[in-house]
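Consider the two complexes below, in which chain A is the common component and chain B and chain C are the respective partners.
Then we have the complex of A and B:
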């Protein structure tokens, strides 16, 4: 909690440069009034993968805690129909007169017109996990961890696993997933450091967050790059698919997997050495914080503007700042996250 | 007499009309906002590009052929537009170029099907992959956005009363194709060829010419739909319209068009489109999304294939004894 708060302020001070934050930082953080009626829609990229269900659990926890008289809906499209499905659900939510849509965006800027139409109809759009790239139609983005931190952590995991030298590749989600692209860019910036001089990123491929495609893309990487030592997958779908591919082909001795994954899905691959290290933040917490942020915005307790400070229940105090990872848009930064290995993965997978 | 009445009653279009009426009744009872003009427009807008292409697809399938490449052509058109725009070509100039690309793509399909004589299933399956590949090469792994406001407005703002451009395109295309298919000599040829290309050839119908025209038109309509999609979402990426061909063909088959050609009407397809859209919208308003929604539409398609066959065999059984009197 403390760490989240202070890193948040530090980042703001660093990136904003100015002293605009001075007076607001002194004001009392806003707390939520329980028992109001806010209809909320939690809209994941698609249904059926664990992290989104965990975020839903966090949102439910906050829903009960705040004694919201409104409804919390958890609806999403199928993976094959993700873009059209998200646009459809966004449009329908506005028609239904929902108060907030909490969106993990998988549609790039294609979601913008429907998000803007929703805003005009009085439905706030709070993004989490993955923002709207242009920030148009978005009230605020609840970011899991600082994107630059993710870059450094991924670079360090690669460094540990590869012993500081050799070739590695990236297996990502969709080509314009805003979060994955930002993490990859952050990792590339981190890799410019001297410590990583003997490591070479040879390829970046996309498995569209679909298991079978990711599995095949991982195997294709192995065929294409004879000296590959590591596949870094900054997506919970990709990392499992890649680890399974290496395990099935008996390649775990030569090629390791790392990236961002869910402990419960990764535990067997970490214990058998296919994926010795990976990282993640708590999606339960992300859902919880997103819910609090959205509830406060929908009830008018905060405007969702830079400088707003608020209490998010058990997670402590957060503030809204300009999103330094995009050209436009505001964010709430959750942070921090955990690196999992054979020592701690079993406990986390419970 | 009685048999004729029976057959008229079980006519597919009548059945569709009943399903549609039930769907609309249930929707309006369950969701008060269902009948609002805004929702009715959204209901069309959310699938407008698919239903535009479904109208043209009806003629292609009645003709006994299939065009699996339509969704990839939509994607290619969208990506070509985005690419041209990024290269500095003004949107107003890019639009006709992209439409010409649609004609060209359709002509390419038509060449292999009518001149070389390959099955349309094979040719257009190849181009499903081919057009999509070109689309992905053009925009690579990125999203393109930032089109001029007037272009985005074409896809989002009403231009006649509450109606946006794409809905008007749909209405006009429906009327035009209705006349072409059901009121013109060309339409009769489409049915004759669909029933039997051999018979059509021996009766002096210019079979290749009719087929070629349909595929060129199909490419053009798909490119137009791709542009409309781009304007509606004001952004493109390589996976635009990915997998749409299945939804499109589903709507045509549910409309009572025989996959073997020669049977079916545009009215049937219009009804089936309305059913699918109303069903989707009703389920979305009732917060039924994801796999369950896909499942219900899938069930509907299975029924649409099974029921006519069952009715036909039931009809054969019950009418056979009396067949001498007819």
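Then we have the complex of A and C:
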């Protein structure tokens, strides 16, 4: 596979003589040729929340930078119809002859048949934010950060806030969300370490990325576990809802909120102590990098296989590697993420 | 044996039975869940009931006319979002103006349903299933992926859910609960005392007879939808205050919850009968079950919805069986009295 990948790369490099000169250029990362025509679809989990909108902005930035003559479509299902809607949009995109679908997968492996059909019809499927768990039907996954690292960061934030001991619970998005499930699993692995021996994860509940459901689930956790010290919410909708719930019930002294959130939405809760620490990466950058990766694959500049190295505009050089956090599949690793607290959240919220 | 049963009005009996079931449910969960009888649980359930009750009362008005309003969930989300948007732009608006705006917006959306159902003569289930999707889609388009966050709302809105009218010991009667109960009282008085409101029952129990009696059935049905919209709009405002963070999924699923509350509350799904007291009890029962199931350790996250659905079916089945039994009893008495020559004046109400 590796050999096939590099020979393909060589062939591509020869075709792109204008940007790569001579055989020595083979060691150089591939740069994109501007102005080609690639029709691209950015498909988020669902429409209507800030992180996906930021990813769209990043993709638009790359779209203009690369002077793509094709179209960039931002289409997604409504939240209550996320799983079926994603499968439908994937199928439609293949029928329309789109060149690439950039997918933040919310459908687990249920998306596989339609993704495979799309690949067979010539539509490449590049995932970002949330991969296809089995990697079937997926060309490559653009990972925001290493999924195992997220587990460690969440465990560490919990450790910091709880002073290393006590009970905590997880408030997640939907039970089908591949990324959240992977992070929770990674966090549980991290918790086996000696450092976290006095911390107990007592419950995991799902707020389905709906404010009111997440709010009620957070309160139910508090009622159910009398000694709860922290709720860890690895989803931007869940974390604000949980913080509002604790603030409303005057519980912020007793129970803290942490997880993954958008600074602009979290700033008031971090400043008043309800959510002293949380983390996130740049979704704008994630959209930008995903666009570059997809453009390069669709134009044939890279094959999308392990070992490919490429330039992604302002973000620098990236490479495709085997995804160590899944049994199969390849990834492009973005990173890093930022931990926000009272010191830096206000600046980031601007 | 059954003599006393015959002398009680069926609606009174239904309400008594419902109150009994509610008491049994509370006793049952009290024996299953630690720390169940707490002020916190009371406040939790009462504030949550406050929102659904407003929607359910509007739903009851529509169902009494032999129609149904499936669009209420989208109307709640629509008004919550737009009123939030209005408050972000104009934070100094007087609270009464804000509430009036929410109700007016809801009423306008309800009026669309009303016109098509009453004057277009399209079945309500089709019309409101359509507007359920249409209103939600307009919201998704309008929102442009932004969400309303607590940080941008005026202080009085964010603090409204905690505002307490008065307390009995630790039990708070919150302002939002008082608003909902106030609306229930007004509608109850209207339905029992006002001739105009009695027309809802007339149209629902027999539209042809109502028309012959000179009742403008179109106008009555239109008004029911208008009021249902206005109350859903008011619920949207309370929703905004309670959850603070509003995304495009706000209010998702409220249509089914409100129909469940109304039907469990003894409003006949085929129109013509129902009481506000029943709706209050039905809403409370459904919400107590929902809130308690999230804390019941024996039921997993995934079974809760199924169990809730089952309990609703049982409630409706029990109600139907009881009604049939009562009908038979009454018919028997009627026959007995006919043969004895002491036919009473029929007092069928509602």
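A few remarks follow.
Everything that follows uses one rule, which is that the second predicted complex is superposed on the first by the 324 of 350 C-alpha atoms of A that agree within 3 Å, B and C clash if a C-alpha of one lies under 4 Å from a C-alpha of the other, contacts with A are read in each partner's own complex, and residues count from 1 in each chain.
Here, a contact is a pair of C-beta atoms (placed from the backbone, for glycine too) under 8 Å apart; a residue touches a chain by one contact, two chains touch by 3 or more.
Keep in mind the model is a prediction, meaning the values are calculated, not measured.
When both complexes are overlaid on chain A, chain B and chain C end up clashing with each other. By the touch criterion stated above, A:91 is placed in contact with chain B alone, chain C being left untouched.
By the touch criterion stated above, A:268 is placed in contact with chain C alone, chain B being left untouched. By the touch criterion defined above, A:47 reaches both chain B and chain C. With both structures placed on the common chain, the touch criterion links A:175 to chain B and to chain C. In the superposition on chain A, A:73 contacts chain B only, with no contact to chain C.
Contact with chain C, but none with chain B, is seen for A:211 once the two complexes are overlaid on the shared chain.
Contacts of A:249 after superposition on the shared chain: chain C is touched, whereas chain B is not. When the shared chain is aligned, chain B comes close enough to touch A:134, but chain C does not. The clash between chain B and chain C in the overlaid arrangement falls on one stretch of those listed (129-137, 183-191, 237-245 or 255-263), that is 129-137. The intersection of chain A residues touching chain B with those touching chain C, taken from the two complexes, comprises 47-48, 78, 80, 175, 206.
Across the complex, chain A meets chain C through its residues 47-50, 52-53, 56, 78-80, 175, 205-206, 209-212, 215-217, 219-220, 223-224, 226, 237, 240-241, 244, 248-250, 264-265, 267-268. For chain B in complex with chain A, the residues that touch the partner chain are 31, 33, 36, 38-39, 42, 45-46, 140-143, 145, 152, 155-156, 232-239, 243, 280-281, 284-285, 287, 289-291, 294. Contacts from chain A toward chain B in the complex involve residues 46-48, 73, 75-78, 80-81, 83-85, 87-89, 91-92, 95-97, 107-113, 117, 133-134, 174-176, 206, 208. Across the complex, chain C meets chain A through its residues 35, 38, 40-41, 44, 48, 136-137, 140, 143-147, 149-151, 161-162, 239, 242-253, 291, 294-295, 297, 301-302.
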